[in-house]
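Listed below are the structures to be examined.
Common to both upcoming complexes is chain A, partnered first by chain B, then by chain C.
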Partner chain A sequence: MKKLLLFLPMFFLLGGCYPYTEVENMDILTSVYVDKTDEDIRLGGGVANVRSFSDSMAEDPVSLISAEGETLENAIQNLYQSADHELFFGALRAVVVGEGLAKDGTERFLRYLDAQPRLRRSTAVFVTDGDLEEILEYKAINDFSAGFAADSIITTLYEEKQMRYTSIGDVMYAFSCGDAGYSVPHITVENDVMRVDGYALFTGGKMVGYTNNPSLLFFTVNGAVQRHLLGATPLITRLMTRSVTPEVQNGKLHIAARFVFAAETDSGAPVSAAQCKALEKKLQAQVEAALAYSKKIGCDYLELYKSRMAQSRADFDMEQWNALLPEMTYTVQVSVRAR
Partner chain B sequence: MERKQKDILLCIQCGVGILGFGLFSLPTAAVYFGSNFFWGYIALAAAIALAGVLLFCTVFEETVYETCKAVVPRHSTWISILYAFLYTAVTAFLFSYYAHTVQNWFLDGVPRFLIALFLAAVSLYTAAKPAQDSARLIGFVGVFVLLTVVVMRFVMLFSGDVRNLMPMFEMENAMQLPGGVLFLSGFFVLVGLLGIFRMPRKRKRRSGAAAVVFAAFLFILAAAGCISVLGPVQTAQYLDSTVLAMKNLNLSKMDFLQRGDLVFIVTWSFLILCTSTLSCQIPYRTVCAVFPHVKRGWLYGSFFLLYVLCAAVVPSEELALVLLVYTSVGTGAVILIILPIVLLLVKRRKKR
Partner chain C sequence: MHPQEICDKYVKENNAISRVLDAGYGKIYLLYIKQLCDMEAMRQDIMRPILQYWHYLKKPLSVQELYTQVLCVEECKLLKCEEEIEPQLFSGIAILLLESGEGILINIRKNASSSPSAPELNYSVWGAKDSFVENIEINLSLLRYRMKDPRLRTEMILVGKRTQTAVLVSYLSDVANDKYVDLVRKRLKTIDIDGILEAGHLQWFLKDKKFGLFPQVGLEQRVDLACGAMLEGKVLILCEGSPVAIIAPKLLAEFFHADDDESETVYFSVFSKILRFLCVLISVTITPLYIALVAFHAEALPTAYTMVLASGRAGVPVTVVTEIILMEILVEVLRECLMRIPKNIGSAIGIVGGIVVGQATVEAGIVSPLVLVIVALSLMTSFVVPDYSLSGTVRIVKFAMIFLTAFFGMLGLTAGLFLLFGAAISDTSLHTPYFAPYAPFSLRDALKSIFTNKYVSVCRPSFLHPKNKVRQKKKTS
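Let's turn to the complex of A and B:
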């Protein structure tokens, strides 16, 4: 009997029996969007309509909620007031930031999301210049909602090493390194098709540029894959080794980058030496263009600072890293081998 | 064969205690002091603690009360009560810290005193059982816990960016060496205590040393995993950097670990229960030795109420951790660590 009494408290902890919230009584956010217009901050999200799973009178799987406010705090407050139930952030799949707010600064909003105890830090972040509500209303073909669709697209591309996946955790990492640069996939919906068309580039939480140069991946994703069409021959290059060595001398930054790629064809046909040469030339130009753009906008979106920190964190802390970028010089060496 | 099995059981118990005490906050502390030289801080602290633990092996042939009786018979009672009181406080703050972390991360709807009630009931029940029974239970659960923890740390290490671990050493990272190493070694000594408490005399040195060496390995691995995922700055900034690092992992991308989050929660729960059980034992046995005629039921109930009350009263996780550190490796170390060493030295001198 004593033993039984001792284990009685266990019943209070079973499956969250107390105080539980039925799933119908939660507004489960699958995606969140935020943007800034001239006057207001617009904030909203796609709420999973859990009744539509069982109800044959099929409603949309996702309902939109939205709110506006003069400040971010007001917008958040209004969003909570416009929701039918408690907002649940644990199932969030995508955070979509409009370019208006991206250029003004996303740090406060992302830090607010990060502070939500249920939020997965691996949630994907996107930027768009399109109509946010149109993206959220996007009817996914195989997916449950726009948030899931965006996440699925970027996850598939990332697994194939063709795109970069930027999560809230990645952004928080960049914030923890001061004004470090980072890139966020840029999505758009055109002709009812959602796609990732490039990257928004950030420094210190503010969007400072845009690029669709695929060589960004060579600096940030191991084993990055790129598809090429040389003449009529489709070719694939895969990043095999990467060496990025920053050197700072007399306040001048020099980057020595070396990349080795393996080239192959889809059909398995051998890749000729001439094709390798042509690919080398193309990839070299791409990488140099990426470094030149980083230099031009003064944004380290190629994450060169990570290599510098790996050399010496103390020196990195002393250097004004972003101030070094406009005067940066670089040497790039690309070699392509047939696989 | 039987002896070998028992040795493994002891090592598992040590490992569980080590993990439960330091897994959530030790990477933060090590990286706060040593940044990327965390491995050096942990290794140095372990080396210092090893000497301390080997010293303790001789002290804890019996409880502090019995050692006191041999050295200062007149004052043995109050010294032992002070020792038991402080260890009780450490355990109470540990319960409070656990109750807060469980509530913050998993059971935010459940009142904190209920979580503490559950923890205290199970831990004290197991602690009051004969040593062999609780050792078997913790040993059995511990295998699962340790294996999972080691696997998860390796997953964290290689899911992040290993460049974050570089450079392994910079002069700037050694600036806080004395303070950092002393802080961490105090922790290791407490861990070593858990490893050797109530062990047969011959095995104390072995299991105490094994506990500290194993602790050093596990914590270097845990801190490396956190740094790889979060980077040194975030690891040092956040209180529960291990849990935060887990939240960064996209487990849905890992075919073999799709429900790693569930495994993590189960392991975590076991770890907390096992550690709270181990830490309940020292004050419980000490008080039993000082007051052999006290009814066990009253003693049991008093500890139970104290632990639950403490968990309910301490208002925040940060405060619970500060109090835990203050009473164990901070000022409290004077009684928990230095007092037994002094007793040992006096006892040895008397013998000569």
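Let's turn to the complex of A and C:
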């Protein structure tokens, strides 16, 4: 009896069946897009047509829904009204932001998505200046459904350490760190081929720049890989050691960055000392250019703040980090060793 | 009462047979129940010697002469009082009465013709194939055949006012803890019921918790495993007329132990034990988990799986809970049906039920194909446990979990599992913690229960508190 009395309150405290909605009775969003035109906010998404999986892909695997509104709230409201069922954000794989809204500010929209209880924070975020609906409808070879293409491509490249993956969780983390900067892959569809052509750079939820400098990866991805062509020799460099040390003295930020790479050839032929030297020079220039651009636009898209936070979170909280960037100085040391 | 009156009474009321031998040297009354006694023994070992003695000696026979010189049976004893007649008569004893009022009880019980055969429940690939039978004497001889130790104690207790069923409590006096023996003896002696017909009925009286969820005693058909249990320090209870022995105490971890484990390599044995435990977990949780994922937490799965779930469910007219319960009940009906019908038509029913009905329900769109796979997996995994008596618990628990999940989602399932473990941990078998050696935890016994051959381990399980802890002496150099 005592046990029963103990367990009864437990059941009353459980959630209950009010969130009971079977998955086939929901519109499963595989991807959403948002953009801003001159007057309105455009919002849409790809809804997976689940019947197509059991129907030998006879129907379109994804149906687009879209809505417009003067404000983000209106657009969201209209999107819900245009959907046949409750929208299910739990299977979302990509959030594609148009450059229009990216420049105006994405924070409110991303925070709205983040507040969806079923959303996974690992959902990838992209920026594009192309046709948003075309990106959502794009279906890569062997993809399960349309709407996955951007996520599939970036996941593959990320696993190969050739691209940065930015998720809603990463963006929320940057927001929580004093609106620190972050980079988001910039995608486009050209000649029916989807590709990542660079990164949109953000501070405080607004796009402040664009770069296709691959050295961004050296700061943000462990073991980043780059391919080079020195003369006629294809070479691969792999980041082996990274040391980024920010120092703040008298209100001035100085970055001491040191990178060690291992170089190899595709064919297994030895890499000469001269080739290593040439690569060092090339990579040094790339890294310096990345830091210079960060300084120029005042955006910490290289995530230097993470190194500073690792040194002292308390100091970082006291500093106006974004304000330090325009006056930043740096020293870069790159060395390449044959593998 | 005069012997003739006694005989008349039982002949009239109980259809007993009364035979009067009279050669002019006094009458001898024989009272017996034909169905229970061996008639050949009656003729050859009782009647013929008496008549021959009369023929040669030509004088009346005293009860002492009959007892010591005439009767050719192995077991007989002098009648002490008239009250002894009734219980002995109905247990297959022939009563010999003299006109003087003296008498002899003669054991010429008819032994059932059943001989040990291969067990149907505890089947083993490598293990022994003999099993208990309905006759308690044969069962005792099977035990004695394997256990030549004089310290094997057997106590006979009669249970049931009308059936007077013989219940044999067997244990090793220098191994089994006295508390177990006393508890079993006490529980059996306090049974006040009109009849006990099989071992299954006795279970109820041996339980610590009458309405416990888990089986608290073991039912064993195989003689070698029953002897193995006694060697561990357990008590064996045999019931007349039942081909099953009761083993007490029986703990949860032991339900996962199969005899074949000892014949395999240690790696395969450990793998099998882990597999069995996982199978029980799968059996209990897979259908509730499916409900939770479809109806409450679709986001917990990768996107591709969510879509497969949704595409499978698309077009099914009933809710996922109804779908699961429908299929589970269908499977349970099929299982129940296959247990009751003759084996010859069982396979036909299996095909009709399993393939035709299963496939037809999917094609008719009543259930999704994935549900069929899940329910089939759930059924199969529930039978992986070597001891059949735990399978029933697993299936009942599964239904409880389905309802909890249908109401509360994953939290309900988690709470249900929590309650289930709570119930298992708080249970006892003959006052021994049911979850031993894991709760209360004993590292040595826990490791032994997973990694070693329990029949050849150096020490007996400490949680059984055996009198003699060591079962194998360590080698000394």
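As a convention for this text, the second predicted complex is superposed on the first by the 309 of 339 C-alpha atoms of A that agree within 3 Å, B and C clash if a C-alpha of one lies under 4 Å from a C-alpha of the other, contacts with A are read in each partner's own complex, and residues count from 1 in each chain.
Operating definition for what follows: contacts are C-beta pairs under 8 Å (C-beta built on N, C-alpha and C of every residue); 3 or more make two chains touch, one makes a residue touch a chain.
Here the structure is a predicted model, which is why all the values come from computation and not from measurement.
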First (chain B), second (chain C), both or neither touched by A:R313: first
Touching partner for A:I28 - first (chain B), second (chain C), both, neither: second
Touched partner set for A:Y173, first chain B, second chain C, both or neither: first
Which of chain B and chain C A:R120 touches, first, second, both or neither: both
Contacts of A:T155 with chain B and chain C, given as first, second, both or neither: first
Which superposed partner A:F218 touches (first chain B, second chain C, both, neither): neither
Common ground on chain A, meaning residues reached by chain C in one complex and by chain B in the other: 3, 7, 10, 16, 19-21, 119-120
Residues of chain B touching chain A in the complex: 35-36, 104-105, 107-110, 114-115, 117-118, 121-122, 125, 161, 163-164, 166-167, 170-172, 229-234, 237, 244, 247-250, 253
Chain C-facing residues of chain A, complex: 3, 7, 10-11, 14-17, 19-24, 26, 28, 30, 48, 50-54, 88-93, 118-120, 144-145, 148
Residues of chain A touching chain B in the complex: 3, 6-7, 9-10, 12-13, 16, 18-21, 117, 119-122, 155, 159, 167, 169, 172-173, 176-177, 306-307, 309-314
Contacting residues of chain C [partner chain A, same complex]: 293-296, 298-300, 303-304, 306-316, 319-320, 406-409, 411-412, 415, 419, 422, 426
